[in-house]
Every structure is written in C-alpha cells, then in structure tokens.
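Working notes for the structure below.
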Amino acid sequence: MSTVTRSTRASRIAMIGGGLLLLVLAAAPYWAGRADMRLMSEIYLYLSLATLWNLMAGYAGLVSVGQQAYVGFGGYMLFALTIFGGVHPVVAVLLGGVLAALLSIPIATLAFRLKGAYFAIGTWVIAEVFRLSFAQIQALGGGSGSSLPVAIVKEIGAKKAVREANSYWLALGAAVIIIAAVYAFLRSRRGLALTAIRDSETAASGLGIDIWRTKLEVYVVTSAFTAIIGGLIFLQKLRISPDAAFSVNDWTAFVIFIVVIGGIGTLEGPIIGTLLFFLLREVLADFGTTYLLVLGFVAIVVMLKAPKGVWGLIRERYDLELFPLSYRVRTKD
Amino acid sequence: MSDPMLTLTALDAHYGDFQALYGLDLSIAAGEVVAIIGANGAGKTTLMRSISGLLSNRPDAISYQGQDIGALRADQVAKLGIALVPEGRQLFPSLSVEENLMIGGKVGRPGPWSLRKVYDLFPILEERKAQASTSLSGGQQQMVAIGRALMANPELILFDEISLGLAPVIIRQIYDALPGIVSDGMTAMIVEQDITKALSVSSRVFCLMEGRIALQGRTEDVTHAQITAAYFGVDA
Amino acid sequence: MDWINALVQGMLLGGLYALFAAGLSLIFGVMRLVNIAHGDLIILAAYLGLSTTVLLGLHPFLALLIVMPLMAGIGYVLQRGILNQTLGPDILPPLLVTFGLSVIIQNALLETYTADPRKLPGGVIETASVDVGGITMGVLPLLTFAIAIAVIAGLQFIFYRTSLGRGFRAVSDNQDIAQLMGLNKAHVFGVAMALALAVVAVAGILLGMRTSFDPAIGGGRLIFGFEAVIIGGLGNLWGTLAGGIILGVAQTLGAKIDPGFQLLAGHIAFLVVLAVRPNGLFPRVEH
C-alpha cells in the first residue's frame, strides 16, 4: 500500500523541535542578557527580510535589489505616524505596512516593465527616489534624520527592561508569522502556481495562471511585510536617517547573500543563511571591512560551485525537507 | 575502403535524462557522400550536432582524420575542417548577407572557397549582399547557409535538412549546385527527407530510427521495401 | 540665460554619463549580462589612475595609457575566470555574482585607499574654460563630451565595420551557430568585457578629474549609466549618448530649482521615460 503525503519524518521532528525551540526563545527575556537579546532580535529581523526576499526572488523570479525602499519607508512611517499622528508605535508599524502595500502597486506597474536584471536595477533606482525624497522632508530631519521622542519610546514600555522584552517579542513574533505565512502561502493553490511559474512561464500560462497578477500579488504582499519589518528595525534603533533607512548594503546586499548562501528557492535556506551570516559576522567582527570581503567571496563561490546553497548541499546528501512542499509517494509494505 | 575520414564509435547523445542516440557506429571515407534518412525525431539533427561539437561526448566517440574530437568544442571542430549547414538555416539576423558569408570565413582555413566563388555559385546572393539576411526568401537563406559553411573551406560538410521547406525550383537549384561543391574532394553527409533525392546524390545511405541505425548500405543495394521498413519500423 | 547655461552644462555632463553607459550597453548587447559591479569598476579605474599619477607623476590623461590596458586585462580575466560561468538562461547567477564583486571591490578599495574623498590632479585643464555666446563652458567637460562622442563612434565602428564586431553580433544572435564559425564564445565574451572595461577606464579617469570620489559611490554611477541606457533605448549606442544627455540635463535643471533635487530630477526623468516609452526613446531597429 502506498500513500501520498507531504510530511516526512524529518519534517515532523523539525515541527516538534521547532515548537520547543520557539518556547525557549520566547522565554529569552527571562534567561538572556540584554546584548544577546539585541543580537537575537536582529537575527529575527534579518531572517524575516531574507524569507521575504526569497519568496519574491526565489519563487516569483522577481530579483529586486530595491527592497530597501520598503524597509526605509516602514521606518519612516513609524516616525511620521507616531510623531505627527499620535498613533501607538505598534499600530504605526502595521499602518506602515498597509501604506507600503498601496504604494507598491503603482511602483510595480512601472518596474514590471523592466525584465530580468534590468528589473533589479530599476527597483534600485526607485529606492534611490525614496531615499532622496525622504531627505527632502525637513520635518523628519531632512538629510541628517531624527530620533524617536522619548514619550513615544515609552509607549512600548515604561521601564527599559519591559521595553526591551516587548521589542524582542515583536521581532520574534514577526519572524514566526512571516515564515508561517510564506509556508502556508507556498502550500496553497496560488503558491503552487508560483512554483509553476518559476519552473516554466510558458507551462504556467498554459495552465491558465495569470503570471503578471500572481507576481504583482507577491510583490505587494512582500513589500508590505518588508515595510513592517523596517518599522520594527527602526523601533529597535530609535534613530533614523535616509542613508541608514535606504541602505542598499544593509537591507539588500546582506539579505541577498544570506539567501544565496543558505539556498535560494527553499524555505530552509534563509534560516541557515541567516545563522551563517551572523556567525561569520561575529567571528570576523574584529577585522572591520575584511568581513564584507569574505562575505562577497563566499557568496560568489557558493553561487558558482553550489548554486542551491548550503541547504541544497545538505538536502542532496540526506534527502531532507523540513518544510515539505513537494508531495512524496510513500510505500508501506 | 580507404582510410576513414570520420569514424563514430558507440556514439551516445543525451538531452538531460533523455537519450537521443544509442551507440552509433559509422565510418565515412574521404570523398564519400552519404545520406542520412529517418523519420522526425529519429536523431538526425542530434547526430549532426554531435559531430560538429555542439553536444559534448567521450573523446573517442568521434574520430576525425585519426584524431579524437568527441570532447572538442564546436569552434575547435570547425577549425579542423568540419562545417555544418544547420537545420532551419539559422543565419545571423544582425548580419547582412555578405557578413554572414564573411563570418563563415572566420574559421581561417585556406582553400578554394572565397566570397567570389560563393557568388559565382549563387549569383543571386551577390545582388542581395547588403541586405539583411532575414529579408531573403527561404531558398536564398539556404544558399547563404551553404555559402557560409563553404567559406570555412571544410573537408567534411554536414547538411541538415538540405531542402526542407523550400520551393521545388530552389531545391533543384541547390541539388544542381551540389556536384560542384563535393567535386573538390569534399566529403559530405546529407540529411534529407526526400529519399529519392537523397539516394540520387549519395553512394551510401544510413537510416536512423529512434536513435539507432536501422539500416545501412550502398545506395544501389538497398531496396525501397527495406527503406520503408527501416523508416517506419515495420518488418519487411 | 541661467537656464540655457544649465541646459548646456547638463548636456556636457551627459557625455560623462554616456561613457558610464557605453560599457554597460556593450556588455548587455553581446552577452545579455547586466554587471552590477560596473559602477565600482569605474571607481576602481579612478583609483588606479590615482595610483598611477602619484607613483609615476603622470598627468591623469597619460595615466590612461596604463589604466586602460590594465582595466581591459582585468575585464578579460574576470570574464573568463568568473563571469562566463554565470551566463545562461537563469538571470540570478550573473546578478548575484556581480553583486558580490561589487561588495568586494568597494571594500578592497576601502581597505587600500580609506574612505577619504580623493581627486585626480588635472592641472590647468580643470579650471580652464571657453566663452561661447555668453555661456562659459569648462574645457574638461567639453573634452569629456568630445571623448564620449569619439568613444561611441569608435564602438559603433568596431561593432558594425570590423571582423571583431561581426563576431560580437554573431555570438549575440546565436551562440551555438557562432561557435560553428570557429568563434570561441568564451574568448569573444572576454574580449567584449575587455573593451567595455577599457571604456570604463576612460570614464573613471574623467570622473576622477571632474569630481572627488570615494569607494562608496560606485552604485550611483551604475545607476546613472543604467538610466542612460534605458532612456536611450536598449542596444543602441548613439541612443545611449542621447540618454546620457537627457539625464544630465534633467539633473542640472533639477539642481537649478533646488540643489537637493539634482539626483531626484534625473531619476524622475528616467521613470517618466519608463512610464511613457518603456523601450526607451530610440529602441534598436534591426537592420
């Protein structure tokens, strides 16, 4: 007898292990130091950015190098909506996501006119427009930026420890929600359609899938979530400036390297890539820019020698799938 | 038979997981003209692409003038004197007619063929030399494709579907030109759908079926019934 | 008069942008490669020019005699050693590898030359100017513009009138069939990249004489070059010059309104062209 299933033994173990790990991580404010919590928050936020970029580039084929537009936009919306709108910071972060979604629609209709690598640079131009435009807004500090007023910071938590725990939980929660949402999406009909598009556009259009619309949906949703993460990033930093908010290196180059090194087009890849990225960063922290040189080399070598990334290597060797997307036929005797 | 010019030994070809040729063995002598026939999808084009180096192989699967060329790149094979007139012409759309011919000469082999000689063979091309290659009729494009291959001064020339899709007058013109081309001691392999035409110009014939040689023999020895059987895979 | 002056200065600036764009356009035309590190290579050329002028005491223009072949050599080796392996139907590998290259070049320059802004000493030519009908034009911008025209005419000549150019076009049309003509595409691509980086060398030296530069500004130059290519129309070298001019004019007119608008105006011009004429103003006509 044989059954068709998506879950594997490894995926069930991963599920249980992941659940336990999540509990431990959620309890971090009770066992971890402040520096560790900051580092872990940063890891969660990068993991979220990487998962989102991977959905867009690895599944929808939209290789953008301009997602810093939405990171910065989300950050600036946090500042603008709290300072001028009197909104609670968490609400401001979510509203930033909604506004980013609205904004991303006209942007997509423009950027989608460019194909392939030209799309990539086109999105970068758009991010530059964002950076230069926000630098013009004097109320938000113009080119030099501004800090989040203390009164608003206190809305996250009156005491420092509470505040830090809250923003830690926000970052962790965001990462969990994003990974779960992307996973659920990829298992849905539309998600499978997306994979079909990636594997063959002609085949997909033959199946009656509206490629343009599906790509647009992915772009809009990804951009909205990216803006939310941007809001959380600057909620941690408490200071914003155009150069920091719209940095191509910080919010795109690193994210791309994470995804490529981990394994593009898989859900596991960004997780492994994020861990490796931070490991590399902590180990090489004392060498300044050397760490970026090493990162660039590693990314190139991985792309040339192991285009499926570290996770691809692991999967080839052990036939593992922690987030099963493909159906498998299992034979029982 | 004199020293073989080209020898295939257990030649396989794959497209990903799909195997298109299965252990072909075949040998051609210098100066010979052989016909390759077979139904659509039999593997004729794959054979041509393998010999010209567009599909890579074991080094010893293809031996040419005593040298193992199976693993060479197409440009290296071309320099050794093998030219292909590809299926569907495949002219360079960005190049004019004359430029298409000139780039054939880029291989840089000495020999009798020159722009002048190609224009003598196909005078219409001289009239059209400055035009875009895409503006020509199918037959004229085939003339350019043949001229382009000749410009390389090859010793072995491969014609893939030499007359497919051309008007009868043009086909006659091209077949009329063939003896002039191969009389210079050139060896030729001709893939042709029109079996009668194929047999009329060749001394030996190979019939491919599903990636294997189903029939081979001297042109005068093979019967129509044998060919039909080999072509369609029914027992004669 | 002020506005006409801005217009003229913008056109001259466009010459520099056309030089940024020409190499990008050439590479895309031959092998469909979009090189994210293009801007960083321009800055690398400027720094190589700096080292040459400092070490040998040469004028930056003479330094070109060393920097051009050097950049061409780097281009050939880069293409054959790394970039050729990334070419194929998938656009991700070339994009990511050149992105990695961009980060490497930036940080290698940072380690070697620090983040301090530098400038190439052009001497009297930097300040010399001519007066035409009440408009003052710098000799250096004028020269840059003339060089841009000469470079594009040269590339055009190579592309359409030489055996090398035929090879470029043939490989661009159909790589397999071009190989049958005895063209080794790996080598042809190497030569194309060498040529593109020779142009990059010229662009880098002229940039370095005109303004100060630091390791971080490569990305911006890539974007200017890219905008000029798209505005002018893909695969059209003269269109690239027109694209550069439009971009330059948009920037100087923007700066005239408010210095903060300079770059923004250029980007907006690009986005408007993209919205109205997605194939650029002068798309390539197949002949």
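Letters A, B and C mark the chains as written, and numbering starts fresh at 1 in each.
Operating definition for what follows: contacts are C-beta pairs under 8 Å (C-beta built on N, C-alpha and C of every residue); 3 or more make two chains touch, one makes a residue touch a chain.
Predicted model, so just to flag it, every value in this text is computed and none were measured.
Shown here, the protein chains touch in a chain-like sequence that does not close on itself.
Among the chains in view, C has its Cα centre nearest the centre of the complete protein Cα set. Between subunit A and subunit C the centroid-to-centroid distance comes to 33 Å (mean Cα coordinates, whole Å).
Look at where the CA atoms of subunit B average out and do the same for subunit C: the two points lie 44 Å apart.
Chain geometry summary: the mean Cα position of subunit A and that of subunit B are 54 Å apart.
If you check the complex, the residues on subunit A that touch subunit C are 57, 63, 65, 110, 113-114, 116-118, 120-122, 124-126, 128-129, 132-133, 135-136, 143, 248-249, 253, 256-257, 260, 264, 288-290, 292-293, 295-297, 299-300, 303-304, 307.
The touching residues of subunit C, counted against subunit A in their complex, run 33-34, 36, 82, 85-86, 91-97, 99-104, 106-108, 110-111, 219-220, 222-223, 226-227, 230, 260-261, 263-264, 267-268, 270-271, 274-275, 278. Against subunit B, the residues of subunit C that register as touching in their complex are 163, 166-167, 169-170, 172-174, 176-185, 286-287. Interface residues of subunit B facing subunit C in the complex, by the touch rule stated above, are 52-54, 73-76, 78-79, 83-84, 86, 90, 92-96, 99, 102-104, 106-108, 132, 134, 148, 152.
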